[in-house]
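Chain naming follows the written order as A, B, C, D, E and F, and within any one chain the residues start at number 1.
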Amino acid sequence: MKANKTNQERYAAGIDTLQTMVGDHGVSMIKQIGEFFPDFGHTLVAFGFGDLYSRDILDLKQREMITITSLITQGATEQLPFHLHAGLNVGLKPEEILEIILHCGGYAGFPKACGALDVARKVFNERGIDLTNK
Amino acid sequence: MKANKTNQERYAAGIDTLQTMVGDHGVSMIKQIGEFFPDFGHTLVAFGFGDLYSRDILDLKQREMITITSLITQGATEQLPFHLHAGLNVGLKPEEILEIILHCGGYAGFPKACGALDVARKVFNERGIDLTNK
Amino acid sequence: MKANKTNQERYAAGIDTLQTMVGDHGVSMIKQIGEFFPDFGHTLVAFGFGDLYSRDILDLKQREMITITSLITQGATEQLPFHLHAGLNVGLKPEEILEIILHCGGYAGFPKACGALDVARKVFNERGIDLTNK
Amino acid sequence: MKANKTNQERYAAGIDTLQTMVGDHGVSMIKQIGEFFPDFGHTLVAFGFGDLYSRDILDLKQREMITITSLITQGATEQLPFHLHAGLNVGLKPEEILEIILHCGGYAGFPKACGALDVARKVFNERGIDLTNK
Amino acid sequence: MKANKTNQERYAAGIDTLQTMVGDHGVSMIKQIGEFFPDFGHTLVAFGFGDLYSRDILDLKQREMITITSLITQGATEQLPFHLHAGLNVGLKPEEILEIILHCGGYAGFPKACGALDVARKVFNERGIDLTNK
Amino acid sequence: MKANKTNQERYAAGIDTLQTMVGDHGVSMIKQIGEFFPDFGHTLVAFGFGDLYSRDILDLKQREMITITSLITQGATEQLPFHLHAGLNVGLKPEEILEIILHCGGYAGFPKACGALDVARKVFNERGIDLTNK
C-alpha cells in the first residue's frame, strides 16, 4: 500500500474500478449508500473497491469469482445480483457463474447453491441471457 | 452428466483428478476416509472429485480458488491445508493465495482472513516457500 | 454404492424418492431447476435424492428431521417450505416440527428459530393445520 | 438464578422487560408467537427476556448492542427491525447503530454490513430519523 | 411449561436428563462449567437439559440427531464428542451417526461433514467401536 | 474520513490505538502478520485499528463488546484470546465478558457460548482472574 496515498485518492481509485465493474448505474447505487451514511459509503468505495478490487495479482474476473463464492457460502443472496452483474460485466461467462454455483453445492451445501441459482436465473432473465438452447 | 456412466467410472475419474491435484500422498489420505466409512469415501471421490472437479468450463486452478474461498468464508480452517497444497500443485501462485485471503477479509471479515493466513503461513513453511525477500 | 449403477439409474432413484416425498408438484419444481441448468438439476436429483435420501439406515422422516435442522441452523429459510411440506408428507407430525424448531432455539439461537417458526406458520396455514385448539 | 423463582415469575419478568424495550406493540408481536406455539412463546419471553435481558451487569442498551451485533454477524436481517426499534427505545442513538454496522463490516464482512444498513435505513425512515443534515 | 415450576426444579430435571444421557462423567463435566460461571451452568442445565431435552414429543435419540446435525452444520466440532457420546448412550447406532454425517455433506457441505467424520472416528475409537469388518 | 489523510497516517493511528488496547506484546503480534504478508498487515492496522477502532461515537470498551460478540457468533474462537485481553485492558470487567457470553447463548446458540466460555476461562487463568469466591 503506497504510504502517501490519501483517502481521497483511495476513494477515486475505488470509483474508477466500480465504473469498470458496474457502470454509471452501479456507481450511483453505491453512492446512495454514501448519502445515508457517508463514512460507510467512503469505506465501501475506498477500502472495498479502491484498496481490494484495484490491486493487481488477481484480475477483476477472478475477484468476482471469489466474491460470488463468498456470498453464496455465507448465504448473502441479497448482495448477489450486484456481483453477478459485475461479474458478467468484467468477463465471467454465464456458464462459469453456473459452474461456480454447482461447485459451491459440494462445498457450502445444496441449500445455499439452490438459493444462488434462483438469483442467477433472475439476473440472466434481466439481461436476456438464455442458455437453454445451447 | 453422461447417462450411462457408472459409479465405478465416476470414482475412477475422481481418483484421476485427485492424483493430478494432490499426488499419491493426498490420494491415500482420502482413501483412509473410505476405510473408516466406505460410502462416504466413495461419495467424496465420485461426487466431489469425479463429478465436480473433473468437469470442464472451470479449470482446476479456478476450482481451487473457489474451494479455498468457500473454506475461508465458512471458517473451515482444518480443511484448508489440503486445498492450499492442492491449489499450489495445480498452478495457484503463493501470491495469489495471499491475495484471496486479503480479498476475503473484506467479504467474510478479518477474523476468518486472519485464521486462514495463519494456515497459509504453516503450509508455505512446509513447502519452503519464502515470500519475505520479494 | 453399487459399482455398476449408472447416472441414469441414480437419477431415476432420485425421482422415485422425490415422488414419495413431495408428489407431482414437488417433482415438477425440481425439474424446473433442471430446465435452467441441466447438470445442476441432474446432480440435485441423482446425488441429493438418489444417493442420499434413497439410502437406508435412516428413513425419510428421520432424514427430513436432519434436513430441517440443517436448514434452520444455516438460516436457509427460503428452502424450508419445500422440506416442511416433504417432512409432513413422509410422517413428521406438525408438533414434531415445532419441537425441532424449539430445540434449535437452544442450539442455533433464537433468531434462527423465530425465522423458522414464521415459515412453519405459513406452511401450516397453507395445509389447514391448526394446532391452537389442541 | 434464584432457586425458587417460578416459570410464571420468569415470564412476568420477561413481559416487564419487553414492555420497557418495545412497548405495547412489541409485546403483542411476541404474544402472537405464543398463540401459534405456546411453549415457544413462553420460552422466548421467560428465558430470552426474563432470564437474559432482565439480568444486571449489562444494561438494556448494552444488551441491544450485543444482540444487534449477533444478528448482523449471522445475517438474520429479518429479526433486525424489532431489535433496532428496541435499541433506539432503550437509548441507543441512531449514530451508534450506524457505527455498530460499520464496525461489523470489518468483523463480519461488508455483505452482512450492507444488508444491515439497508434495514437500518428503513427503520430510521419509519421513525422519521434523518441524519443527512447533521 | 408448568407455571409454578421453580428454577430449582428445572435444574433438577436437567440433571436427571443429563444423567440418563451422559452418566456421572458427563454430569461432572457440565458441573465444572457451573463452578466457573454459576449462572451459565444453571442455564445450561435448567434450560438446555431441563426445559428442552426433558420435553416429550421427541425422544432423546431424536433430540441427539437434531443436536448433532446442528453442531455439524455450524461447524462446532469441539462440542461434537460430548453429543456423539450422548447420542450413542441414548440409542443412536454408530451407523446412524455416520449416516447423519453423510446426509449433512449434501446439506451443509463436505468440509463440515469431513470435520465431523474425523471427530466421529476418534469417539468410536475411544469406545472400541469398529465398523470396518461389517 | 478526512480526505487528505494518508495511508501512513492511517497506519500510525492504528498502531496508536493498538498500543492502548494490547500494549507492546499485542502490537508485536500484529506486526508479525505484516512480516509474512505486508499488505495484509498494513490493512489490518490501517483499516481495522486505524479507520474503525480509532473512530469516536463508540469507545474502545464498546467496540470490544461488539468484536467479542461477533467472534462468538461466527465461532471464531481462535481470535477470541486477543480480543478478550484487549477488552479487559480497555475496561471490560470479567463479569461483563461472562455476561456477553451468556447473552450470546440465547442469540447464537449454546454451542458457540460454551466454546467461548472455555476460551474465557483460559484467558482469565492466564491473568490470574478468579471470580469463584465472589
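In the analysis below, a residue touches a chain if its C-beta (ideal position, glycine included) is under 8 Å from a C-beta of that chain, and two chains touch if they have at least 3 such contacts.
Model, not experiment: these values are computed from the prediction.
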Set of chains whose contacts include both chain E and chain C: A, B, D, F
Third chains touching both chain F and chain A: B, C, D, E
Between E-F and D-F, the pair with more C-beta contacts: D-F
Relative to chain C, chain with the most remote C-alpha centre: F
Centroid-based (C-alpha) most distant chain relative to chain D: B
Centre-to-centre distance between chain B and chain A (centres being mean Cα positions), rounded to whole Å: 23
Centroid spacing, where centroids are CA-atom means, of chain A and chain C in whole angstrom: 31
Cα-centroid distance, chain A relative to chain E, in whole angstrom: 40
Shared interface positions of chain F, touching two or more other chains: 39, 43, 47-48, 55, 70-71, 74-75, 102, 105-112
Residues of chain B that touch chain D when the two form their complex: 106-112
Footprint of chain C on chain E - complex, ascending: 47-48, 52, 55, 57-58, 62-63, 65-67, 69-74, 95-96, 99-100, 102-108
Footprint of chain F on chain A - complex, ascending: 1-8, 10-11, 39, 42-43, 46-47, 51, 55
Parts of chain E lying in touch with chain B, wherever the complex brings them together: 75, 77, 98, 101-102, 105, 109-115, 117-118, 121, 131-132
Complex contact set, residues of chain D against chain C: 33, 35-37, 39-40, 43-44, 48, 70-71, 74-76, 78-79
